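Look for subunit A in each of the two complexes below; its partner is subunit B in the first and subunit C in the second.
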Partner chain A sequence: MPGENLILSIRNLNVVYWARRGWVKAVRNVSLDIYRGEVLGLVGESGSGKTTLALTVMKLLPTNAKILSGSILYYGLGKAVDLAKLSEKEIRKYRWKEIALAFQGAMNAFNPVMRIKDHFIETAKAHLGHVDEEEVLKEARELLKLVLLEPDRVLRSFPHQLSGGMKQRTLLALALLLRPKLIILDEPTSALDVVSQKVILETLRNIKREFSTTMILITHDLSIAAELTDRVAIMYAGKIMEVGGVEDIFYDPMHPYTRGLLKAVPVLKGTKEVESIPGSPPDLIDLPPGCAFHPRCPYAMERCRREDPPLVEVKPGRFVACWLYTKR
Partner chain B sequence: MGVTSILRSYIFLRGVRAIVTVFVAITFTFFLIRLMPGNPIDVYIATLMGASGMSYQDAKNLALALFSINLDEPLWLQYLKYIWNVLHGDLGKSIVSVGTPVIKIIATFLPWTVFTVSTALIISFSLGILIGMVMAYRRGGKLDTVLTLTFSILSAIPNFIVGLLFIVFLGVQWKLVPFSMLRGAYSPYVEPGFTLEFIIDVLKHAFFPILTYVLTTIGSWALLMKSSTIATLGEDFVLLARARGLPERRITINYVGRNAILPLFTNLAISIGFIFGGSVLIESVFVYRGIGLRLLQAIYQRDYTVMQGIFLIITIAVILANYIADILYGVLDPRIRVGGR
Partner chain C sequence: MVQPLVKVEHVAIEFRSGRFLSRRRVRVLDDINVEIYEGETFGLVGESGSGKTTLGKTIVGLYRPAEGRVLYRGKDIWSMSKEEFREFRKQVQMIHQDPYASLNPVHTIFRILSKPLLKYKLATPDDVEEKVAQLLKRVGLTPPEDFMYKYPHQLSGGQRQRVSIARAIAVRPKMLVADEPVSMVDVSLRVGILKLLARLREELGMSLLYITHDLATLRYIAKGGRIAVMYLGKIVEIASVEELIEKPLHPYTQLLLAALPEPDPKVTRSKKLPKLRSIDIPSIANPPPGCRFNTRCPYYKAGLCDREPPPMIEVEKGHWVACWLYAKR
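This part shows the complex of A and B:
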């Protein structure tokens, strides 16, 4: 496990959305460390707050969202900078140059009226000032090759001329253009067919090997997390439930929710029948008291219904938020 | 196929469509004149016979000369000849100002309408877009609320009422604007030509018609642009542009603006037809000597040949304007211009 080589340190982060029915508590007291060179998997069901967490790091939350408290310390520039406290103008220097975000909606991630090559050029110009366009395109071609695309054809295309998988890979190439120290990939394979998913996974492996960029890989697909990540954080109802090395999480899950998730994956458990977790995720506006998972938890105790367990380090590098492991 | 040849083919296809539409319009006009019961030729012949006691043959000969049609020829030949004539700019001669070719009347009046209508459209469209974008960026704010209300009311008032209100209040009540001096397209004592005096005079005369068009159409542009901008602001490519750290100005213009405008082009095409139709009322309110006023005069005088000619020309002008809007749309939206992959 990397030592004190932190790149990002999220501390006690709380984010809410204002909706008609009330406050949606999308990110609840999240603390998470990301170390240089690692691939961290952020796994959780739909609506567990993964995208919200990613958008918060980049300060890209919609206007109805609010960071209630917490800090996002970025160590990429030597000293610690709290991204949560930066102004819109200051954060612009960090976006894409320091932290890139290739998000969920790659289908529609490019400006429909602009050629792909202009996306590369304008991105470089926005951060490096006057640049030689040919230089940028040369770099872009290399990156497109890395993601297994035909560089010249892609560069000259308009977005609508590329398939969803091609757009997703182009977005990966674009994310690498400025050599950011951290890349956040939000569900890079969802909404793609199986073949395109395979290609994306292969390009991600290429990227991991060639650049050893730090990555946060957001997914609800455990098999993808198992293949690509070094560490995994499990998120449920806006809260981090468990963090640990990828082997630990898969071979020795601790949190009842993690165990439930693993049972729900057919490939990992071989021939055993698939069991999904009974019940459904809670309403984030009106959360149950105590642990948010207790209504679905087979081990729920009296205490679980009253008090929300904190995320504590039960072994070196292993964090769990569950009263089963927190002796007090 | 190369990109340029596809571009050409989009413009080409739209061009073919425009030409076919013009043809349909001409054909329709022909059958309206020639075949409809109580068609203008028959009516005119009857009028001549009744009013001046002409024989049927004389009246018919006179009518046919004015309409440039020979009723004794087979229908298909008449049709071909009619098309031939129209293509050569021969739309017959005026019944009232005997002997004046219709095309000459149109040539004198149409440019003024095209001038006012297109100036108004350009001003209203570009201003409406700017205001609409500002409203979208400040949605829910005071400015947005006030403008939305104002525009909703403005676009509900018919344009000639706005024109009449100008005349009643600015002209009659407060005597601020001498509207009777602003009749026509320019003052009779000013020599037409490329002189500053003439240009200023023309602008003075055109000012209120243009202002009326702008006031009554700008609201719908602004409101359309507002909703289109709000929709575009929610697009992923805008969020990703922010994530890429692009300057806000660039995002506003190249990402939000460029894309939010596109759906408005469909409305632009429709609006051109409406504004031409509206010219009849506006021009008669301000007594502005454009094609709309002339059409109204022709209707009063039952000057059928002139009426028909103007209808046809307005139809063709609208089709042409639509074609231009189509091309602009194609230039701005590669999804239209450049086919799939």
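This part shows the complex of A and C:
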């Protein structure tokens, strides 16, 4: 099934940050495939390494971070290119034009003294060189309509004249301006009211349909993943614990962490009992030996305390990193 | 009739806003009426900026109403003597959304918890260590010795929030106002905090005012209790938890329920938003005239909804709603 449908293929990626207390192992041996036209949900709790993974793909890591090993193969332009090995100059051909990232909390990323209209024009200029401003604005109007905003009013506005939800939707339109093939959305709806949230998710669904854009949706909220994604990858302590189709993950979770997480989320109707996972997430500087989840896992065995289980395909399309499912 | 523990009567809260020349008052709560009874769990739900925190802070006596009164056991808290007010402040405790900001980072957990115990003479220097240990056990931080001499930054978000809860119950309050206490806690640990609050309310016979924007959470914590829904500084509906979720009457409550994503792909994808007149929430500085929801409401009637604010009426026993769909002119 890989090959031509693949757009991004991450293999054995390890990323660390240097902090005062030591090395923070933020991304640990991550392997993940993303297929053309799909929405992949990257779900994990705070500090599990989701943003770090996104920044690594974009090569936008801060200076105290280091890619220790691994490859990030991008297939968008035909032949495979390893983004991890590109220089800063080379990556510019891919960043925003091929792969765009809507940053976490990016609502504050607008320049406060620039009208929205100029944000569109500047973005186009920075990446395409000389552009016809009218052309850019025509395109911007179309995109703003798509995200359910009044194009002319928004283009005229300064950022502070828009509400949080409007800014977030404007940002989406801006990220789409260069028609990237892959767009990474880091918590695109956090800090929004539930109505704007639903609207954004529906908008993303339309964008996917309209432009067949591939998306990686990063969220800590399982409900948002349930709403929009085709497949889900569950991350814990820098590692991918489970990958599967969205219905498989929600209706037949395999990894004990995925199960625990689903059990911990309240639902609006029905009689589901909720329960939290005992203990708390590990310190990424000083990880426990073996599986990082073993201190909290109800099924932990001797082997889990010694050896970190690899992510293996236990059924077609279903990957789990857990000794319960891995034959010796 | 049983006297409510706390009664909020026609309360308005105003803040000054804007720069020097354009300085004016913004009314962020308007004509709020709520009664909270002894031992009851009462949920306050609404979107960001609707005024939940402001109402919580008004109830614990941190904001003084521009209009209306807050009564504690029948007594207006703003005409209490200094002594009475001090006692009131002790009996009604609040825990905040951000456990990082509300715990002093340079004090140990022991110091944070012993302070209120000594201040209100609930412990003596001789037994304070034991009392602090009891509190820690009570909120599930065991063994206490592992936590007592740590600093807040050495604890996880969930553990820090447990310390805030311990501090609030140290003085044996009659009521606890919990403002989004789990929003900064890891998803996998939230339920633990909710269950702890529910258990403490029961054991200590407190009332619990639980503030959140998440109706699903509220359903678990406020089982058997009541919920008030806020929109742009107004309460639009009050009902028991079960009624409100099964039979929401106000178009805004219906919208909230329809928009809330759920952790189930089939369920959540089958939910559709009603056709709204507008997606965006108006600014609280310029609330629309009449019913504040009229600019978005799918049932909007021109000449009525944009003219007069609807009265709060009791449609069924204990189920109150402020909407012209249910009220007669």
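To be clear about the criterion, the second predicted complex is superposed on the first by the 321 of 328 C-alpha atoms of A that agree within 3 Å, B and C clash if a C-alpha of one lies under 4 Å from a C-alpha of the other, contacts with A are read in each partner's own complex, and residues count from 1 in each chain.
Quick note on the criterion: a residue touches a chain if its C-beta (ideal position, glycine included) is under 8 Å from a C-beta of that chain, and two chains touch if they have at least 3 such contacts.
Note that the structure is predicted; figures quoted are calculated from it, not measured.
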item: Clash or fit, subunit B versus subunit C on superposed subunit A; value: fit
item: Subunit B versus subunit C as contact partner of A:Glu275, first or second or both or neither; value: second
item: Subunit B versus subunit C as contact partner of A:Leu137, first or second or both or neither; value: neither
item: Which superposed partner A:Gly260 touches (first subunit B, second subunit C, both, neither); value: second
item: Degrees between the directions from subunit A toward subunit B and toward subunit C, using C-alpha centres, nearest 10; value: 70
item: Which of subunit B and subunit C A:Val314 touches, first, second, both or neither; value: neither
item: Partner chain(s) touched by A:Phe158 [first = subunit B, second = subunit C, both, neither]; value: first
item: First (subunit B), second (subunit C), both or neither touched by A:Leu287; value: neither
item: Subunit B versus subunit C - smallest C-alpha distance in the overlay, whole Å; value: 8
item: On subunit A, the residue positions that both subunit B and subunit C contact, one per complex; value: 163
item: Residue numbers on subunit A that touch subunit B, as the complex places them; value: 58, 60, 92-97, 100-101, 103-114, 122-123, 126-127, 157-158, 160-163, 171, 174
item: Parts of subunit B lying in touch with subunit A, wherever the complex brings them together; value: 235-237, 239-247, 250, 254-255, 258-259, 262, 332-335, 338, 340-341
item: Subunit A-touching residues of subunit C, taken from the complex the two chains share; value: 47-48, 156-159, 186-192, 195, 213-217, 219-220, 245, 255-257, 259-269, 273, 276, 279-281, 283
item: In the complex, subunit A residues that touch subunit C; value: 45-46, 148, 163-166, 191, 193-199, 201-202, 220-224, 226-227, 246-247, 250, 260-262, 264-269, 274-277, 280-281
